[in-house]
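Sharing a structure here in structure tokens format.
Think of it as A, B, C and D in the order they're written, each chain with its own count starting at 1.
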Amino acid sequence: MSQQFSRRDFLKLAGLGAATTAVLTGCGPSSRYVKREPYQQMPEYNAIGQSTYYATTCRECAAGCGLILRTFQGRALKVEGNANHPLNLGKTCARGQATLQGLYNPDRVTDPVKRASRGSDSTQPMDWDTAVQTVADALTNYKPNEIAFLMGTAPDHLFDLVTDLANAAGMNAPIRFGALSMFEARATLSKAAESLFGQAGMPSFDLGGADVVVSFGANFLETWLSPVSYTREYARMRRGNPKQRGYFIQFESRMSQTASKADEWIPLRPGTEGLVALALGRLVAEAKGGSLPRAFSGVDPAEVAAAADVSLETLEHVAHMIVSAHTPIAVPGGSALGQSNGQTVAEAVLALNALVENVGKSGGVFLSPLSPNQDAYHQPASAKEMQDFVNQMASGKFKVLFIHGVNPVFELPKSIDFKGALSGVEQVISFATFPDETALEADYVFPDHQGLESWGYQRVVTGTSQQVISGAQPVVTPYFNTRATADVLIAAAQLAGGKFAATLPFKDEVEFLNSKVSALMGEADGSFTAPDPVTFMAYFQQYGGWWNKSDVRVSAGNSNPLNRNIAGIEADFVGSGEYFFLPFVSPSLAETGANKPTLQELPDPTTTVMWNTWIEMNPETAKELGIENDDVVKVVSDTGEVEASVYLYPAIRPDVIAMPFGQGHTAYGQFAAGRGVNPSDLLGAHFNEAGDLAFAGTKVTIQKTGKKRQLSRKEGLIGVYEFRPE
Amino acid sequence: MTSLAKPLARPHAEEHEDPREHLMHDPLPRGKMNEMVMEAMHETNWKFWVVTGILAVLVATCLGYAWYYLIDKGLGVAGVNMPVFWGIFLVDVVFWIGISHAGTFISAILRVLKVESRRPFTRAAELMTTFGLVQAAISVFMHMGRVWLSYWMAPIPNERMIWPDFHSPLMWDFMAISTYLLCSTMYLFLPLIPDMAMARDRSTGWRKTLYKILGLGFRGTEGEWKNLTTAMNLFAFAIIPVMFSVHTIVSWDFAMASRPGWSSTVFGPYFVIGALHSGMAAVAIVLFLLRSTMKHYKYFIRPEHFDTIGMLMLLVSMAWAYFYFNDYIVPWYGGDVWDKLFQEWAEKGPLWYLWYTMLFCNIVVPWSILWNKKWRRTPWLLASAGILINVGMWLERYIIIPEGLTINRMPFTWRLYIPGVEIALTVGMFALFLLLYMLASRVIPLIPVWEVQEGQEAHLLRKIGKAEIPTLSELE
Amino acid sequence: MIKKFFAWLKQPLGLIAVGIVFLALFSAAVYGIYTTQQSPEQPIQFPHKTHVAFGIQCLYCHPGANKGPAAGLPSQTKCWGCHNQIVKTRDSALLAPLKDAVLSGQSIQWVPVAMVPDFVQFNHRAHIAAGKNCEDCHGDLSQMTIYENPQVLNMGWCINCHKQSAGDDQALLTKLTDCGTCHY
Amino acid sequence: MSTNLELPMFTNNSEAELGGRWGMVIDKDLCTGCQACVAACSMENNVPFVGEEDAGYGRSMQWIRIERLWEGLDGDYREVKMTDYQPLMCQQCHNAPCEPVCPVYASVHSMSEDLNLQVYNRCVGTRYCANNCPYQARVFNWRDYADYRETNTADNDPRWSVFQNQLNPDVTVRRRGVMEKCTFCIQRIHQAENQAKAEGREVRDGEFTTACAQACPANAIVFGRIDDPESMVSLAAETSRGSRLHEELRTMPRVTYLAGGA
């Protein structure tokens, strides 16, 4: 008996042992479910198991940073900066890093579709031949002046193509717009430069060479113009000179991310930035001696200090800093320009630069050089021009509207009723990659490739003193059934025949690109030379663009910019509320980030809030109103109201309410839709002298709702605000 | 302790009391007593099954399903987060190990010190040890992110050259708990043998088979008794250091970590005392429950036993208070900023009431009730105090673990802990404990009948003669 | 009932039943391991031994082995490049899947055999550089048609070889037994 | 069945070799808090996103977080100052408190690279290492955040798995119940070392860098060999502005923070 038992035991043990071994060895029959596919034909520049790197250009904003994409077996894996690219020197911002999530995103428009009715989700997939035919029909069935193009600020090659097409066929000139250009007040800046220096262009600020930076609301570390290059220049200002660390003063009513890096953050009353700049100019001019320039003669620093709620000592101290500095620089930007007197502010601040004689010098202001294949500076449409455009749409002037790369339904203030005006347009064709709010209002969506699947180039407008045209090439084959808009237009133009076909006599987008770029082959100063156009284009893609080697600092044409009046008017504010409303662009979401989950989950640098919209409010104000953290309040302006949770932000003036722009989508994919609110709903159609939206020129009231909604914060409230270790 | 050890050594001081109040002085025939115990084990009314059913459902849902859900979805369904990586699971571990302490303490220490009044309730306490440890082990496993790999903590020889890390306090914990579980189960089993033999002779059917196996063929010969007594004495002495070490090691999980509020040298004895504090209280509760639900147990469990436990509770409570304030004052005086912040946070943070409740339950309640002999001898009052003390001790662990983890050296990360599925699992564990206890009450005699009889006989002997005849246990 | 069952188990018949149950479990486990070590069903029953017999080097078809982590599969055009020129194979029924794949532009779906789990970062190049030959791990391919693993590719096997390779060189042993060498 | 306990990885780290191997210098004066490093790290290391609710509850998985605190909160709003942004990742301590507490050697010191390793496939999820990390640099996979399989979808959208195209094949995708943390981009270290070995040379300074340092627009992060006194990271760490976090704990971190203006 015992013998039998032991045999049973043996069997039992053996069975258990075998089963355990099977589990533990990780033999995983799962290997049987995996299939491996060899290359049909191995690309010759590929090596098995090795990553391939492609140079291209980032399309998350219009700055035009050069990227190097790591790809592996046909998939794009990682965004890295192009170290040779003069704009970003191998660096990227968070949005650039996340551009892969725009490429591999489940919510993309996968096929060309016809929408059942505007605004509805139900669509009918089409094939590309029909789609191209639709575009061709739209081009031929309407009079040229009934056709309009609305385009985003990127990419430039498509804009050039459409411009050529429009010019040749007599269509309306394409108009470009973007939320960033609206909140950057680009038009204001370039017009101020023109009026002061006598030459239009985008001023560039050489922070890296300066030792004292006085910024008036410029959020150059966040989204302003070219954040990567300005961040690099900021670092150079701080530590570039081993002997002296640059000093940075920021005038802003709220401590933005940029202001948080300032040595001195001087909160002033919104709308008084121009006055403060003029007062500083007067104090500096007086300290320097000599005759007082006309530009600064009209202000009284003491009055300005009172109006701006800043002590006169502070102003004198800043003036002293400027006077004793070697290369001081003053930077206007952000909310300072988004006032009813934005252009005056810009002029006053630029005049300050003229006063310290840094225009065109290292560490000073210069006009950004034009791109190599560009003859004049084209700024994107200001909000005023957009309003005119919308009015024309509403009046039925346009029968066909092509939209590419921009989402005006979301970005433009509700008071400029883009969505409503679309009803005046018979046919709306969108080339959106993503089903955004505007694509939802279009009759057809013919999806363009995502930026990483596209050819193209982007002109670098500002941020470097070199002339740069940044090249883009597809790093992966298109993931979905999309087609390059340039290809669609070229094909449609061929179908349409006549002038259209004559203007675009190209086989495809690449040929068009060659025609635009290979003209640079002859330039002697270029970053590379090539004996023939084919080699040139190969280099162009390989290096990620073309740029000239030497610096081109365009300095002012006007010899004496200070001999003029700058009216130091205070800004007007619209609305009956008691709080200044200050929208700012979320650094991580900006125009195009909201559909990318990684960007949604990036904490805001100053508040560390993720995934949602918050309302910044000074704790004092909140105490008066009986509001606590995470209470939902209603912000009401003359033109709209939004509800969001409150963040008690200690570094904001008590009379200012701030809100980030970037959330509040009603479409644009599962990660963006229904999340947060859009502060541009609160903005009225108020413009500054240059036609830019006076986005910071609104006053609002705050109403409690009694609701509470927890904000997702990276920080712990307890350690940061409540039980703080000393 | 010596005064406790001889409650009957000075009977004349309490002459006004009815001597029959003491179990040892109120003997019944052996056969009758055996019958009483067997009857209590056999006779089960519908209320018992209703309660068992409810508990079983609770265990199946709150423990079984909830745990499945936890494993399937990951620990995200629990409330743990960054920085509170350890939540209620670990609170439960420490709590149940604490509960399990009293069983051994009462049984082994009182056996070693020959305290007569221990006799009827050692079994109940020892059973608590074993079942408490089962709960503790379950809690540890529930806490793990990948419980299906928990066998990696065991030193299994393998060809990968990987061992568990014996530097890790968790490893010591693992070892200590398994040792303690093994020892305490054996220590539970040894005194059970004569009772199993007794039950074997008085039952039929499957019970007979069961008791036959468990009784190990014990027949009560002189040699068997001798061996059994030797074994029990050996175990009683040996298990005491094991018991102390286990909870000391549990405290090292915390004391060895470099966290503010945890890295304290007093944690070893402090945790042992804390364990006894909650364990004593739990014994009081269990005795009250047994006495009020089991047939005939009012005979075995009497106010005098509650009196003994009540005195122990008071003593332990005072010791606990001493250690607690020792642990409190040293960092307060020492001046480490993080330690101080933790104290401030516990007292003034959003969970301040937990801190005050803990002090109330652990100090005010025992000190205000247990000094009075009459109150001590009131079973329900003692049981209520026991419940409060257990609440207090649970909160004490809650303050140490989740609240302590909130405060670390990176203030940016400080965040509150909101329990999730842990609550259900904790309820399920309590239900499992009760269920195990109730089922055990149907199969094993919860009164060590032979020990009671042994004591009574010794006292009978003593009463017959006029001369001072020493008690049996003093003879040993 | 239970008692009866246990009593029955002690009878010879019961013991046989117990034996059968355990044998079944045991053979299931053995079969489980066995299947994982067998060559699976492949789209083309690729005869390694024929190719080796022709004198084709491993690296000709798996050129990644000395360059990077993966040895790689030959692209279909590479296969077809040879087979297209050999009349016998050009029209062979056995190679019809290859021909179809090449002509239609579809990929052949090979089933990987020598696989390590996702959490193991294996690099062929380092092993080739250390002087290992293909057959040291993959066995003698001149005897195989479809590839099958000559041994269980598990961690014990890896470590064993690593230890032997290090020999008395402590620094190398450190490197080769470092968890971070393979797991990250 | 060899169980040799005398292997190097089981021996305790002595203070004899304090030199270290890989190190990082972070200039807090330059860090603008732009989160580019966080995004770059997430993209390189397959760090998943966790959604609004979990992120708000302290469960976001990012291996770097950028901390900032406030100064002067009790005074007037004009006096409020934000402290410097402090990017915080695993400090790769030489005497790492996370290592001895792991019962299964999942948190283990790499003796060959002098880094702290987290061996995902060994981790059983006791989370003791995270408790004992004075820097709170460890993150835990509370759920199957990175599970983009088609059968396990967000809102049962089969296209969910589109995201997995971007996963880096050089880095393990972690499942639920596993601790993880910054690895100093060990996959890049290995790649560079393999390349250097194949070419018969040492790894050159600046030949490769971590994803965060690579992305940082302000060049606030410098990574490299700290056993080479001439490397950029050694030179940067030498300055008087350098300090390490919680030096009083003697953890000997490999990350040096530069602070202050001078």
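Following the convention adopted for this analysis, a contact is a pair of C-beta atoms (placed from the backbone, for glycine too) under 8 Å apart; a residue touches a chain by one contact, two chains touch by 3 or more.
Small disclaimer: the values here were computed from a predicted structure and weren't measured.
J.: If you tally the C-beta contacts for B-C and for C-D, which one comes out higher?
T.: C-D
J.: For which chain is the distance between its Cα centroid and the global protein Cα centroid smallest?
T.: That would be D.
J.: Could you please state the distance in Å, as a whole number, between where the Cα atoms of subunit B are centred and where those of subunit C are centred?
T.: The answer is 54 Å.
J.: So what's the Cα centroid distance for subunit C and subunit D, whole Å?
T.: Once rounded, the distance between the two centres reads 35 Å.
J.: What whole-number Å value describes the gap between the mean CA coordinates of subunit A and subunit B?
T.: A distance of 64 Å separates the two centres.
J.: From the C-alpha centre of subunit A to that of subunit C, how far is it in Å?
T.: Each chain reduced to its C-alpha mean, subunit A and subunit C end up 50 Å apart.
J.: Could you pull out the residues of subunit B that touch at least 2 other chains?
T.: Residues 83, 158-159, 161, 410-413, 415.
J.: Could you say which residues in subunit C touch two or more other chains, in rising order?
T.: Residues 69, 117, 155, 163, 177 of subunit C each touch two or more of the other chains.
J.: Which residues of subunit D are in contact with two or more other chains?
T.: Residues 2, 7, 57-58, 65, 67-69, 105, 122.
J.: What is the shape of the graph in which nodes denote protein chains and edges denote touching chain pairs (line, ring, star, complete, other)?
T.: complete
J.: Along subunit C, where are the residues that touch subunit D in the complex?
T.: 69, 117-121, 123, 125-126, 129, 163, 170-171, 173-175, 177-181, 183-184
J.: Report the residues of subunit A in contact with subunit C in the complex, numbered from low to high.
T.: By the definition above, subunit A touches subunit C via 1, 4, 7-8, 11-12, 14-15, 18-19, 21-22, 25-29, 31-32, 34-42, 47-50.
J.: Across the complex, what residues on subunit B touch subunit A?
T.: Touching subunit A: residues 83, 337-338, 341, 344-345, 349, 406-407, 410-416 of subunit B.
J.: Over in the complex, which subunit A residues touch subunit B? Could you list them?
T.: It comes out as residues 715-720, 722-726.
J.: What residues on subunit B touch subunit C, complex-wise?
T.: Contacts found on subunit B: 158-161, 206, 209.
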